[in-house]
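Same chain, two partners: subunit A is paired with subunit B first, then with subunit C.
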Partner chain A sequence: MRLVGKHFGREGARVRKTFVTRALLFAAAVVLPAGVFLSGSSIVTASAKDVEAKEAGTVVGSPRRLRLLTTQQYINTVQYYFGPDIKIDVKFAPLERTDGLLIAGASVAGVSGAQIETYQKVASIVSAQVLSPDRRATLLPCKPKSDKAADDACAEKFLGEVSNYLYRAPLSKAHLAKFVAESNKAATQLNDFYAGLQLALEGVLLSPNVLFVAEREEPDPHHPGQMRLDAHSLASRLSLFLWNAAPDAVLRQAAARGQLDTEKGRAKIVDMMLASPRLETGVRSLFDDMFGFEDFVTLAKDGVIYPYYLGEASGDAREQTLRTVVDQLLTKDRDYRDLYTTRETFVSPALAIIYGVTTPPGWHAIEFPPEAHRAGILTQVSFLALHSHPTRSSATLRGKALRELILCQKVPPPPANVDFSAVNDPKSNFRTARDRLTAHRANPVCAGCHKITDPMGLALENFDGAGQYRTDEKGTAIDATGSLDGKDFSDVDGLSRAVHDNPALPGCLVRRAYSYATGGAVSLNAEPALVELNKNFAAQNYRLRGLLKAIALNDAFSTVSKPVPKPEPKKTASVPLLQVVAENPK
Partner chain B sequence: MNRLNRRRVLRGMLNGGAVTVGLPLLNCFLNGNGNALADGEKMPVRYGTWFWGLGMNTQIFKPKKTGRDFEFPDEIQALAPIRDKINILTNGNAFYDNSPKQDHFTGWAVSRTGIAPSNRTLGSETCDVTIANQISRTRRFKTLTATAAADARVSFSYDDPNTPNPAEYSPVLFYARLFGPDFPDPNAKDFKPSPRVMARKSVLSAVMDEMGDLNAIAGAEDRVRLDQYFTGLRHLEQQFDQQLSKPEPLAACHPGLAPKDSDMKMGNASELMIQRHKMMTDLLAMAVACDQTRVVNMSYSQVQSNATKPGYDKPHHTATHEEAIDSKLGYQPEVSWFTRRCMEGFAYYVQAFANIKEGDGTVLDNMFIVGDTDHGLALLHGLDNIPMLTAGSAGGKVKNGYHIDMKGTSIARTTYTALRVMGVDVPRFGDRSNQTSDPISEILV
Partner chain C sequence: MKIKPSTMTSRIALAGLALAVVGGSAAIGADDTMPPGRSIAYAANDIKLSVYQTKDAKDECPHGVNTLGPREQFKLLYPQDAGQKWKFVDTQMGREAEIWWPTLDKAEEFPFIEAEGKTAIGLDLDGKTKPSDFTSPEGKSGVDNQLYRVVGCIMNYRDGASIINSERAFLLGYHFNRLLIELTDVDSLVNDDDVTITTYRGLDALLRDAQGDFQAGGTERIDMRWGGKDFVHTGKGMIVNGVLKSEPMDILVPQQVAFSSAAASTLRGARFDLKLTPAKAEGLIGGYADIESFYRRFNRAWGTHFMSYGQQVPPMVYRALHHLADGYPDPETGDNTAISSSYSVKLVQVRILHAGKEVAETDSQRDARQLAESGTSSPSDAK
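Moving on to the complex of A and B:
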């Protein structure tokens, strides 16, 4: 954390220049495990740009964005202000996973007509609840002179306060006046003050300024010639990052008073945010996104093959892992890498059936014994069931998920027109997944990618498609040996240790957290910031809070730079198949 | 006609029963011949798409003969009863030129946009949106998109490459959107414009005033997104207007009862998908009958279909890769089982529109439907030998009952045909090897 402080201002930029250049040279010289390729062009491009930028004395920042509020951000924002009992059963249009995160998709997603309709419907549902007879007394800051007529002052007070919060910045007087006028007009037409207010609130909730987070910029006095986010945009970015909701009054006031403009002031606010119980919401959201848990919504298991996978299991599996994340990384402040080896977790009755343990109703903390082979979150039902087929396990899907979600590497898609004749031979008798995949890898075209995914996926074969432990498949003992980037192991415990020690593991979290924080795909010129954050993360023994703080205080978080898009991949017929593109060189 | 209990009939439809009872437009809205509206305007022509995943098994899908005199092979037996309502196109190609061959993407992208994408993003809006901009802008919904795959992400309709139209996946929620309290029932006895809706519309103008400020700070790409937002608000305003004016009666419009919560089980078991497909199809058909939209999109399954068969351990997509070819049959029998369920789905979809009478014919007579998939031969995930299906006469512009061999030409030709039939006057469609100005003339009148 001390490192971060030093990096503010011009002085900091000079310190970073030397470090970054060295770090990049180091990254380029790293000897990588066989079969793993770094996207070399990105390193070269980033370092060249970085050196260029540093020579000019500038700070490399992140792009200013126009982000759509996600479903959960909308719900969190509304419920924080109006109360958790406001029922919001809504799903906005699904976002496209971009650079590893759904939230990054929100900065490019368009808005279909159906989406606007959804916004209107949910606005109507929320407004009706807020102004309902049983809530209006507590949620309104004033009482109208008459329930049956317009009341200019009370409408202005309510709509002013609400819109300042929902717009995440003060609403202009002229614009507020329009909403107040509409409220009054409707109140008069309907002979109902509250009905008028309700319709005006619907309008506020439908505002593009509410549903889009439009970041604004201003000249940066600390870095002449550069732009930074304006105070309210910075407050929004901080709040969406750490709380996954709009800024509260304290944060907005800090922005309005200029507190976020100073190093000390911003650090104080960030500390306050990290100490808030709302941090848990933000951290859950970050990991839910990073782990691809949105797929739980559509996950289904064959009830005949997996009768112990009950309807509640999917929701509970997701919750179990998020509870483990919060417990390990926030409550117990453990090393991020330990998440992949810890035997401490929580179980619910639906999960207890799969894990073969007994538990009373509700959630309970447990520690699996070593012989249960449940070390780390890769051995939890969430990872195992999500990356399986409805009817059976999949070493390939699990290996791919480990590479892509946890290590930020990209596994190429299957090649075209694969000859499956070896696997399809009716005379062959594959008893286990290993037999089947070994036959599949006999085809050199398939071998390329399957070598990247299968050796670690097969180590998880002791768990069936629903995540239950097993020692055999159709009567044949399961061989759970495997390897990951040059480390061999004989069982899943070995895989957990190998993942824990994999150099790409912490860098992947840094990359995802940075992308999540800045609300979009990581631009190529962000590499210097990532290198610095990686170093910082290691220096504080991989503590999550420290990482979040370092990102929130980093110049790149608040300085605005134009994005540098990734170059289109070269289209040649001779692209090596044996390729894992590491998005994030350590 | 008056003695028929429409409510019962339509409730039957919603429950998936086969109904062939006519529900004509009220005669007062038709001309003397019953083939046009009384004011001389032609009956509106509507457009529909229908998607199934994972192609087919060529030797039991492709009819041996072309033209009208062909027999239905095993895999498309389900289409035999509707042969006079459909055309079967085979041996089409999705050319990918120097773009990568992207399994499960290139195929349908070429079908819907005429462009083989160079990355994971489409090259343009999809054809249903182009057509909707021509024929459905004034409807309550410009397009409606639904899926039987229980997942909002299973959509093949895009307003632009970054803006999918999310699929309706729950019959309960879809019914509420279509026929809930905001439904302007064309056959309602009493009509009173709601002062609440009037106020809502008025508030909207204050919201729209904000677009200018945002546009001023947005870059070019973001301005496109803001434009979409603004267009959406304008459409919302139009929806409010529709709620404020008395709609013309439509005899065929009678939405029946809402499905129950218990009807919407998630999951990809084929029996659930079939049930969901029927319910969503019935709702789409009723939405068309009520003239709520003139463009509908339905998908039976996702590209890598996860449909499962009772007692068989491989879902559809896995089976295409792993099922052995039966040496006697010469194809993958379990994969074919899944494809046959898809074909039954298409037959149901077509029949749902044929069940609604309109004038002296049916809605299907005034409709053009294109069914497409992501691949040709399922086993190889091929982008050649791709089949397509069409249905409906598009107001007399299209002939049916044919099997057409596309002879390896681009499947974009079918889409180009649809654009022309639907009145989108473009000289060509698609790019590079998929570019075409050659419709499937054999099926055009």
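Moving on to the complex of A and C:
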């Protein structure tokens, strides 16, 4: 906002205010029904027709979504088009983690007035950079007849191309004409073609058509009586899924030509997308979301207890695991389950002091030797530090994270009146976490949940709250024995193998990837698709590319069905805390 | 080595290494006192001339500290309000020229105050107790530190002063001044009668934690650029009750201060006296400072205005250095060319990455690689 005001002066500010106010009103007008739609979509029940269709074995798809672009999707979209040097330092309002994913929360998000103000500010900053004197020649497809006057043709060419991209669908002529008219009007008043274009671009960026992904449906000719996403909505869903950004020109052209409507054409496009360098961006985003890495932003460690957890450690820990994911699953095309046993990873100088290794500046590959006990991403700083307290490790938090994030199981929350004194008292006589938790479990109210989380969390006790390896706690040797779903082990290496072999592990990724792909919580009627995808994943020896392709080509990905909500849990006098609610036991 | 290495003991040590804990940044090997790979390295994070100081400098500077620095002397020599016109070449340029080409036979125009007293920080470098020697604050006699007499009453070298504080700050901000000390053939960090000491100039920044303290375990590459090999020196020493004591060895001490000015000075017959822990080392480096390199090191690194902040007049210092020099006589003239001195140093444990090994590796991987590269079967054979 400051950039524009400074550049245009008082008259520019007045012109801009008028135009942007209109854009805001437009946005508000669209947002309101969006909220109604979203609320409705979350409470709608399965129609008898849906149930019958499922029983009859016909295609049951995913709900049509209206969702907000995430911060990273917005940034990727802008930078892929205008260039990575466009600086966007913004964090939109946080999303609510829904069904295990933040991105699923984008489909149940509302927009407040304060958020619109943030969107407006970012739009202003982006448009000012795009139309800055040093970028005009590169980013504009035409040159105006005069820098100081409106130019209808050049404005229409620029705004047409940009709007088609940012709207993720062709813009109607009438709609484009409005933007061009506003651009010309401002250019005339300000005697500056680029200033007019800048205001128009700001308006485009602020459009609800840009900020919201509103999927549209059409009758599915291959499945009479059923609906499917229209081609541009399908292109957007594919692009946000695999690239975490708006579809590029090739994908939009494929949609316009009907290529996505045929099985062969869609497969060709998906193969192209899977071969693109942008796939890494999409995969990083999927796993960053699945692993709950947004919590790194607020992660704090006590500098006295963990002096080796330097300021760079959190960011580097997050990056290390994402690099490992990309290296193992994309570059080396390894079995997804091996991610939990691999000793291959990358280290930075800040992580090197935690891992006890020598490394040059920058990122470098390393394969830990077996005696290092660093097998799999559960033994990386990202998991160990993120699921610990600021001053101590936590077998419970680690076990809970393993259950919920990695195996898609649910651990009931602690009762409100839980007594934490045994675990929180720093002056207690308990020397190890195992001692403290054993005492804590003596309380039957606590025992239920902790039996779910602690046996595998205690196997990670050889790592302190910052992720550094240790053999003892307060001079007492650490007992790292444990069990996971019936498999006993004596140390963290055993835990890694048990996680690798756990049947819920691949199913959880399938579930998360499907939810991520379809942009919302998994509905009950998605079960047939998940079963099919799980079988496919196993048949492909758990290769990520294969899973992504299978999801992208699955009929459920493009077929529109109303969601079936989860049944409300029956209220009983006492909830069995021992129960682990497996969302996807298959 | 605590026990002279044999193939058998080396194999035992190697077996210990295989079981060693890899996680700790300052991990100690299987016998709890042997460092991984039988080696450990440190990087200096604080290095300053050892200057014993009493309250208000009453003991060591009973006549006060030097108060007439370059600015004060200039003002007295060339008063601007006396109606006399001065030539640039005779005044400012003349004074600057004198800094770079000092003479020994010039009579001092102003008094230069040397440190007195019987106490100084330092080491007994020659094994003798002479009348000019000091006694350490802990009561050890025979301390050789004549450089202390030169700088002890110059504010630049006293606590809270300009140059000392600045050197510390630049030690953090620049990399060209990174003094590395690597100990190899270490069987025990507590007691070992034969260890090898090698010095290098390091290349990388030191890591600091949230408290501002230096963090052990960082990686340092060896800087072989721009005369880096001149900083590589090897000597022998022993560890007694956790204190490293070395035999005399010549070393080159790097320096880099304001505006990236880089310099170095030779310390001849240097001895290390450092209390070692797995995470840090602290103590003294004594030796005979080569006068010419020591003097030019400061002139190259510091401008006159820095000298002025602490009332340090370089030509007077030069003459005092020669006047008090007590080692390494010139074979032709018999004049001493070096002066006994002491640095008080603090070092933090680092992992040295030797040239050409730009890989990330654990200690056990490093050991295995070094063995493979040497084509031998044990660490002792590899030496």
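Basically, the second predicted complex is superposed on the first by the 520 of 586 C-alpha atoms of A that agree within 3 Å, B and C clash if a C-alpha of one lies under 4 Å from a C-alpha of the other, contacts with A are read in each partner's own complex, and residues count from 1 in each chain.
Throughout what follows, a contact is a pair of C-beta atoms (placed from the backbone, for glycine too) under 8 Å apart; a residue touches a chain by one contact, two chains touch by 3 or more.
If you're wondering where the values come from, they're calculated on a predicted model, not measured in any experiment.
Novice: Between subunit B and subunit C, whom does A:E117 touch in the aligned arrangement: first, second, both, or neither?
Specialist: A:E117 sits against subunit B, while subunit C stays out of touch.
Novice: Just subunit B (first), just subunit C (second), both, or neither: which does A:A200 touch?
Specialist: The answer is first: A:A200 touches subunit B but not subunit C.
Novice: Output check: A:A256 vs subunit B and subunit C. Expected answer is one of first, second, both, neither. What do you get?
Specialist: A:A256: touches no partner chain.
Novice: Per the contact definition in the header, classify A:A267: touching subunit B only (first), subunit C only (second), both, or neither.
Specialist: neither
Novice: In the superposed arrangement, does A:Y469 touch subunit B (first), subunit C (second), both or neither?
Specialist: second
Novice: May I ask you to decide whether A:V304 touches subunit B, subunit C, both, or neither, giving the answer as first, second, both or neither?
Specialist: Once the two structures are laid over each other on A, A:V304 reaches both partners.
Novice: Look at A:M227 in the shared chain and tell me whether it touches subunit B only, subunit C only, both, or neither; answer first, second, both or neither.
Specialist: neither
Novice: Could you figure out whether subunit B or subunit C reaches more residues of subunit A?
Specialist: Counted on subunit A, the partner with more touching residues turns out to be B.
Novice: Let me test your reading of the model: by the given contact rule, A:G356 touches which partner, first (subunit B), second (subunit C), both or neither?
Specialist: So A:G356 only meets subunit C here.
Novice: Return the residues of subunit A at which the contacts from subunit B and from subunit C coincide.
Specialist: Shared contact residues on subunit A (touching subunit B in one complex, subunit C in the other): 304.
Novice: Which positions of subunit B touch subunit A when the two form their complex?
Specialist: 98-103, 118-119, 141-142, 145, 150-153, 159-160, 162-166, 177, 195-196, 198-200, 202-204, 206-207, 209-211, 213-214, 217-218, 221-222, 224-226, 228-233, 235-236, 239, 266-269, 306, 308, 310-315, 318, 321-327, 379-383
Novice: Of all residues in subunit C, which touch subunit A in the complex?
Specialist: Interface residues on subunit C, with respect to subunit A: 18-25, 27, 204, 207-211, 213, 215-219, 221, 351-353, 358-366.
Novice: Going by the contact rule set out above, which residues of subunit A touch subunit C in the complex?
Specialist: These residues of subunit A touch subunit C: 303-304, 307-311, 346-347, 349-350, 352-361, 364-366, 368-369, 371-374, 463, 468-471.
Novice: Using the touch definition from the top, list the residues of subunit A that touch subunit B in their complex.
Specialist: 66, 91, 93-94, 96, 108-117, 120, 175, 178-179, 182, 185-186, 189-190, 195-196, 199-200, 202-203, 206-209, 211-212, 214, 216, 297-298, 300, 302, 304-305, 389-392, 413-414, 416-418, 420, 423-426, 436, 568-569, 571
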